[in-house]
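Chain naming follows the written order as A, B and C, and within any one chain the residues start at number 1.
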Amino acid sequence: MLLLQTILSGVLIGLVYALVAVGLTLIFGVMDIVNFAHGEFLMLGMYASFWGFALWKLDPLFTLPLTALLLFGVGAALYRVVIRRITDAPMLSQIFTTFGLMILFRGLAQYFWSPDFRSVEGSVLTGKVAFAGLQFGLPQVVAALGAVATSGAVWWFLRSTRLGAALEATAADKEAAALMGIDAQKMFALAWGLGAACAGVAGALLSTTFPIFPEVGASFILFAFVLVALGGFGSVAGAFWAGILVGVVEVVGGFLWDPAYKLVLVLSLYLLVVWLRPQGLMGKA
Amino acid sequence: MLSVERLTKRFGGLAANEDVSFEVGRGEIIGLIGPNGAGKTTVFNSLAGFFPPSSGQIRLDGQPVAGLPPERMAALGVARTFQIVRIFKSMTVLENVMVGAMLHHRAVPAAIGKAREALRFTGLDRRAGDPASQLTVAEQKRLEVTRALACEPRLLLLDETMAGLTQNEVQEAVELVKRIQARGIACVVVEHVMEGIMPIADRMVVLERGRVIANGPPRAIAEDPVVVAAYLGEEYRAPGP
Amino acid sequence: MSRAAAGRAVGLAALVLAAVFPLVVRSATWQNTVILMLMVAQLGVAWNILGGYAGQVSLGHAVFFGTGAYVSTLLALRFGITPWVGMFAGAGVSAALAVVIGWPCFRLKGHYFAMATIAVGEIVQAVVNGWELLGGAVGLSLPLQNTGFWFMVFNRSKLPYHYIALGLLLFTLGVNWLVTRSHVGYYLRAIKDEPDAARSLGVSLTRYKLYAIALSSGLAAMGGTLYAQKELLIDPGSTLSTSLSIKMSLVAIMGGVGTLAGPVIGAVLLTTIEEASRLGFGGTGRGTDMVVYGLLIVVIAVYQPAGVLGWVKQRFPPKAAPAAPGPGGAR
């Protein structure tokens, strides 16, 4: 029973990891750029929720659509101002552009909001959910459901809308997409907007249970990388399933073994998978 | 010198090559032709060690070499060029050729000497100091041949070296292949440009759908009804002597 | 004066400057900053052999730096072995470890390789954090009583560290120079440019990538030993962190990857930026230094991806090359 409880807890947190990774893999799939500043989108989403709550007493759950919209704007703007200029640059300069952005965002957050830990106290989301003898925190359950809904919405968008199809076409073959009259610049901006919005929503969902501070993104970015690579760079579905897998491995590993080593466990799993299957679990060869 | 014995290569369930057999004698020029998708490039990549064959054998002077990696094939005397040129863009022309020469001459001064010799042979010596990325397409193709020659091969595999060249440049390329042969180096030439390969090949191997459909001297091939039907079309006749 | 001659003159001037600096400037802060510069430069040069010349972007090089620091410190603490020997022992252990790590990781390319090296780095850091024998998260400290040249511990003045750091940097540059002047250097550049073409010319990718990582990691480990001796305290956070790995590659990029002097120039630049933004804005505790630092990295990465030396090359082309006929290769 305890093990089942642990496994399900792993699934819950894994679903949130998955949402962060879905955004990251979307950007990678469309542009072949690994975004080191992705955790900072999550951080911004957390702060947006925090300030909505602190200033206007609006619950993070209610401001969630606004947070998503705000982060979409941040992502798209970041593309227009910075990323647009490094589309064809060598991998190293791309890595360092987004790495610099990561430091810049953390610095800005510290400058405006101080390095203090903040938290959202007294959200509507408190208490526990009991289910068939198992017990979970309500915020965790809501966060997981919200993450599933958002990932599902992204998946539906890519599969079933014209715009989503255009985005997928750009990811598959930029030149062919351009010949079909798809504006790559718009698609790239869209990918960054969506990617940032996913991370922002994850941040909002976590804001009621997680401390909020300028470097909070660091705790998620490594896992997000692992999920993206594990699921196959650019594969949204892959990142989603990898998220659940990693959440379970992390929580169960921490439970059965030493919690200090759960990161080692997850990273070793990742290395093993990419070594046996370099394209990831669901990536195209 | 080289014998290909019932070479078969499958990708998934699809056979790109099936039971391909032919021989290359010392200093011979073999033309490997066939319509698009006939499996020429697959044969080529198997010979160069880039694809391990699914079955069959490749022998170099009687030694089985199928499945050896490209670097081992190069060491055994099989050098190649690429259909889409792969020059080292951050290097000068001379440095490109030096990388080839270093296979048998590790020391830099010796490699420079060998590389200059190869560049003189192919007529690229006046561009030795230029960045390789500044060469024209024809020169880049010539650079790849030079680089392969610097490995001092016994067998040179040329992959569509003449595609995309002007009439004059094709003529120069033909001359070069003949001079390479004169050095006793055998050549397997995959080619689409017929006027390039027909006059110089000792024998032609024609592939269609992964199989050898004809193998013989160019004149006979050009008149072979099977080949004509499969590939050459009505308008082509072997050039007179 | 040709560009090569100008480069030699600048290099010589920099060497003289580095040699007399601590004799002229007596401020301990400035002396320390310059030692830091030399140490970071040495690590950048070491990283550059694998990441710059061979094009295998490692973001886990702190593992090798840390190996050097831990091996020499353990040898000194347990067996009283001088760090002068420990330095080379660390380099050897690090090179062996690098081969073990590199063997599987070299199956991966581009982003995949870079990500795998981050993962390896984080794993090693987490493992050492929990390893009692290595002092765990607290780390190891070297006793201050055994001072002098033999123990590589100096408490009266920073001067000796400065010259050891300078010597180690020159040694590392020398090794790098020898590599570029041998077939290994040409092969590494060939592997970076066109791996398949390199193979077709007889270059074994695995073998030469392993040479590169062994050399690169061994040299980084020597830097680790020097760090341990200078700080007398090592812990996983300071010697094994991913941010340290990233810094090694960052200086190479800022100066110009795949060039001899690039990482040195990058180290001077980066350390200056860091120290200036820390001194100028750091006191506020409001992250202004991070803002400046991050912004500068972005601006350099976006507008000058080839680094300082790339800019020099554009600005002062090596005498007018004969006009190339037609556009360079078609793709």
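One rule holds in what follows: a residue touches a chain if its C-beta (ideal position, glycine included) is under 8 Å from a C-beta of that chain, and two chains touch if they have at least 3 such contacts.
What you see is a predicted model; the values in this text were computed from it and never measured.
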Arrangement of touching chains [line / ring / star / complete / other]: line
Chain whose mean Cα position lies farthest from chain A: B
Approximate Å spacing (C-alpha centroids) for the pair chain A, chain C: 32
Gap in Å, rounded to a whole number, between the CA centres of chain C and chain B: 43
Chain A-chain B separation of Cα centroids, rounded to whole Å: 50
Of all residues in chain C, those that touch chain A in their complex: 51, 57, 59, 104, 107-112, 114-116, 118-120, 122-123, 126-127, 129-130, 246, 249-250, 253, 257, 285-298, 300-303, 305
In the complex, chain B residues that touch chain C: 48, 50, 69-71, 74-75, 79-80, 82, 85-91, 95, 98-100, 102-103, 106-108, 111, 130-131, 133-137, 140, 144, 147-148, 151
Complex interface listing, chain C residues touching chain B: 181-183, 186-187, 189-190, 192-194, 196-205, 258, 321-322, 324-326, 328-330
Partner chain C, residues of chain A touching it in the complex: 28, 32, 34, 82, 85-86, 89-97, 99-111, 114-115, 214, 222, 225-226, 229, 233, 258, 260-261, 263-264, 267-268, 270-271, 274-275, 278
